């Protein structure tokens, strides 16, 4: 059973993202959408948390939300994969369940 | 010019409260309302921040919101003053301006 | 209800950025407004912006044992001649409309509650200039 | 638009907890629903809870150069026979009502948009039991 | 109707937003559908089940007593996260006692609350089929 | 009408909520009232004025160009907090250049953006008469 954890809150504004990362199981996936995409960037106060999560899980970011906030895919953390809405749907198919961290 | 800083977000859920405390000037006042009242309690992950703020500013908590969440005034940080809505109004009279940290 | 010695009458403008029930902002603003009035101060304007415009619907029917937030604003406005202003741009996006606006937009009905009026953002700036204190209640 | 080899058709129930415009949840859910349908999966129910019920008003008139969120849901429902359910308890608090409910409550008008229906929370549980995937979009 | 493992995840304080109340309403409805229901209380969600809630000062309805009814509907798996309590200066003694009667064990009263650590909470989440969060 | 020192405080990212857009609308209106207007961008508010925003993927209107119009309305005090940028891995080079023409100085183009540290931001806040935050 793999779970897709969906985060939509900025890790700089809320603790939801950090709480999510403390509750993922090995093999789970994490997808950043909406304001959470700012967490995908390199060299931030939060990036070490993502780098650690990448060791035992897959991490994705919704490309449209990233672009909207003026953030370039070239500057996301190595290992984080950008997906579009169809990729988002595929992730929900591949994982058995989803949990939104609101 | 003294400012009343009004915080309505839990310091465990959002960073707004911490950001507020980093932007207060000597002699300002801070009032916790709504979900922010949980920040008034002793022995939490956040209480050291309040204790530090008390050194140069006054800190208040809205009593009705505290009671609603099952929190006793006996367990709030020493130096934090509980006020009701009329006390809230008095604070806005005593301070020259207000800023809400949403 | 008279002011304590040394205090003086204050004029307040309040801004409310969240709808009723979802977040506590509107409740808190109501309690605050009542306390302001009880102390003899004046509320010169309440400006409803963002989802705050949803406080102005007359179509809500909350459970009887719950508070009636929209009606409470309307009642307070009536009792104290408050000026409750709904931001027109925010209201248009969210589906709050008075009879005049509904007609202008070709809508088949309206839903604004008595005691509220629809106007522009200038009312917020003007209210803040005229008031001694401006407070923001938001989510 | 056919499914890749090895994939299979999925049934989705979506839950939306925020109103249009204020937060992005409803936008994201719309894009997600369209992508689900484009890939040939099925959306068996969209359940609007909390402020999400505000997606079901027909009285919104957003600026022409902005997106029309409420209408977009209605259009998507029409094109794909989606079942858009508004939670009755949440709707009552917030002032969203259909003609039948309005009559029952003694309201002078209604504001539900075509393509939505009002029902109870059981629809969410039932939808989640029947679906292969349940997703929550919230604020 | 199929029976699924439902988890309702509560992460927000009550009264500041409507999520706690409307979550409880969904949970109560779910009982009527005979599903396998668990509740998680973590982060600020632990404030939802504190003792002695008194809402007279804010004019909202105190709905905390309704959690006590969950046991009667056979909803008796309430997982509370230890770390969340500790960070907030709370202990299990600050929470309402929430009980259920085990009819297979001579109607003995048992606690519905399971205090779990973060790793255990993650494990419980991982076994769910539907996760509804507020 | 009296002239007051207004500060509009922007602390949230754009598009995830409507606050950035509706704040900008208030700011533009305030220009018509000849007030002494400042804007603060701190915390996630700094994302409101990043370069190269492209909203085609999310279907929302890209309103970032409207910040460039502020200078034409004599709104030219935009305070951006240094620490907020740094924590987010951003520098001033990631922000749009926002300019105004100084008619008292031969219409020279000058930057409206003032990069300030946290202590300076607190000092600027302390001098305001009306603070409207989103």
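Things worth noting here:
The first chain written gets the first letter, and so on, giving A, B, C, D, E and F; residue counts start at 1 in each chain.
In this section, contacts are C-beta pairs under 8 Å (C-beta built on N, C-alpha and C of every residue); 3 or more make two chains touch, one makes a residue touch a chain.
Computed from a predicted model, the values in this text were never measured in an experiment.
Minimum number of contact steps separating chain D from chain F: 1. Among all pairs of chains, C-D has the largest number of C-beta pairs in contact. Summarising the inter-chain layout, the chain whose CA centre lies farthest from the centre of chain F is E. Greatest Cα centroid separation from chain A: this falls to C. Interface residue usage between chain C and chain D, two copies of one sequence, is largely shared: over half of the residue numbers at the contact are used by both copies. Averaged C-alpha coordinates put the centre of chain C at 27 Å from the centre of chain F.
For this pair, chain A with chain C, the centres built from the Cα atoms lie 39 Å apart.
One finds 35 Å separating the Cα centroids of chain C and chain E.
Separation between the centroids of chain A and chain B, computed from CA atoms only, is 33 Å. Of all residues in chain C, those that touch two or more other chains are 17, 21-22, 24, 28, 31, 50, 66, 89, 134, 136, 138-139. Across the assembly, chain B contributes 8, 12-13, 15-16, 34-35, 64, 84, 97-98, 100, 102 as residues in contact with two or more other chains.
Residues of chain F in contact with at least two other chains: 11, 15-18, 43, 58, 60, 130-131, 133-134. Here the touching chains pair up as A-B, A-D, A-E, A-F, B-C, B-E, B-F, C-D, C-E, C-F, D-E, D-F. Contacts from chain C toward chain B in the complex involve residues 7-8, 10, 12, 17, 24-25, 28, 31-32, 34-36, 38-39, 41, 133-139. Of all residues in chain E, only 9, 11, 42-43, 118, 121-123, 125-131, 133-134 touch chain A in the complex they form. Of all residues in chain E, those touching chain C in their complex are 15-18, 58-61. Contacts from chain B toward chain F in the complex involve residues 1, 3, 15-16, 19, 22-25, 28, 96-102. Partner chain D is touched in their complex by these residues of chain C: 19-22, 50-51, 54, 57-63, 66, 70, 89, 92-97, 102, 105, 107-111.
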